[in-house]
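All chains are identified by letter, namely A, B, C, D, E and F, in their written order; residue positions are counted from 1 within each chain.
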């Protein structure tokens, strides 16, 4: 029953998310040895002003 | 000092959230044996295109 | 498909967790209007030296 | 490679977030003894109807 | 700069984790269109008494 | 009522955590404009085999 969270900056299309969810589910199912229907994936999208790296907001870089 | 996170699909009303927060707080307070004012609950709502199950986006099902 | 996370200090018994999971599942199922088998609950237990409040570690209070 | 998440109610300005990210990065770098460029900070902003405390929604208090 | 969290029950070997991290990184890099060195993955392992499904602890099923 | 999570590799001392919690609380209180007693900090420590970067487990680097 793996639960996957993907935290990333905004801007990906539904088509990108669709491919991402399909392929991550396959990887998890195979490497963790569990059925694909047990895999849950939550995508969280961040605004550029809500991500900091090296002490700076991503929107300032 | 329990911190509860509820991750669910969008679409619940404030009235549903109000009842949910009230009752979860009571359950946690009673079963974890802590005062109700120590319980924090964060609700996170997902878009249907941001939740994957069985390799598919929820918006495609 | 709600996913609940409960973050709390160590020390609760399995019996407490069993009751907590049973009752939170019922509350979520009823207030979010979803089947009980769709509810996933993750319990995370913290060491007292890994929780801070008011600027102090919980193990120092 | 510390990953910091800051979960807080909506309403802070970009200037507040900028200062927050800058200073938290310095604190983590110094106390965890790691380079500043290894520190990632995610800010998550909550609606007032999505935070519960003492059994009540924050928007009702 | 995607951050991935994998929450799963205990019991996978290092070899399984190694394969999982390698392949998830490739999927994220390709579908989110970002360099592999920007991908961070955190694996969290749960005890069977800390996961609830359908109102029951996993250790009781 | 900010909730901070710090996810980092194992190996820091209690003294390092004590300083970290004290100083992060001061930064959050000042930049988010909230009382120090409203700040909660959760530290999560990872095993080296549970963190992946650039497709590799941290324990292999």
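Going forward, contacts are C-beta pairs under 8 Å (C-beta built on N, C-alpha and C of every residue); 3 or more make two chains touch, one makes a residue touch a chain.
Everything quoted here is computed from the prediction, not taken from an experiment.
Asker: Between chain B and chain C, which partner chains are common?
Answerer: Both chain B and chain C are touched by A, F, going by the contact rule given at the top.
Asker: Could you tell me which chains make contact with chain C and chain E both?
Answerer: A, F
Asker: Return the chain pair with more inter-chain C-beta contacts, choosing between A-C and A-E.
Answerer: By the number of C-beta pairs in contact, the winner is A-E.
Asker: In whole angstrom, what separates the CA-based centres of chain C and chain D?
Answerer: Each chain reduced to its C-alpha mean, chain C and chain D end up 21 Å apart.
Asker: Give, as an integer number of Å, the spacing between the C-alpha centres of chain E and chain D.
Answerer: That pair's centroid distance is 24 Å.
Asker: Which chain F residues sit where two or more other chains touch them?
Answerer: If we look for residues of chain F contacting two or more partner chains, we find 1, 3, 7, 17, 24, 40, 42, 44, 51, 53.
Asker: Touching pairs of chains, which are they?
Answerer: A-B, A-C, A-D, A-E, B-C, B-D, B-F, C-E, C-F, D-E, D-F, E-F
Asker: Can you tell me which positions in chain F touch chain D when the two form their complex?
Answerer: 1-9, 12, 16-17, 19-20, 23-24, 27-28, 31-33, 51, 53, 58
Asker: In their complex, what parts of chain D are in touch with chain E?
Answerer: That would be residues 1, 3, 40, 42 of chain D.
Asker: Would you pull the chain B residues touching chain A in the complex into a rising list?
Answerer: 7, 44, 46, 49-57, 59-60
Asker: What residues on chain A touch chain B, complex-wise?
Answerer: On the chain A side, the touching residues are 14, 17-18, 21-22, 24-26, 36-37, 39-45.
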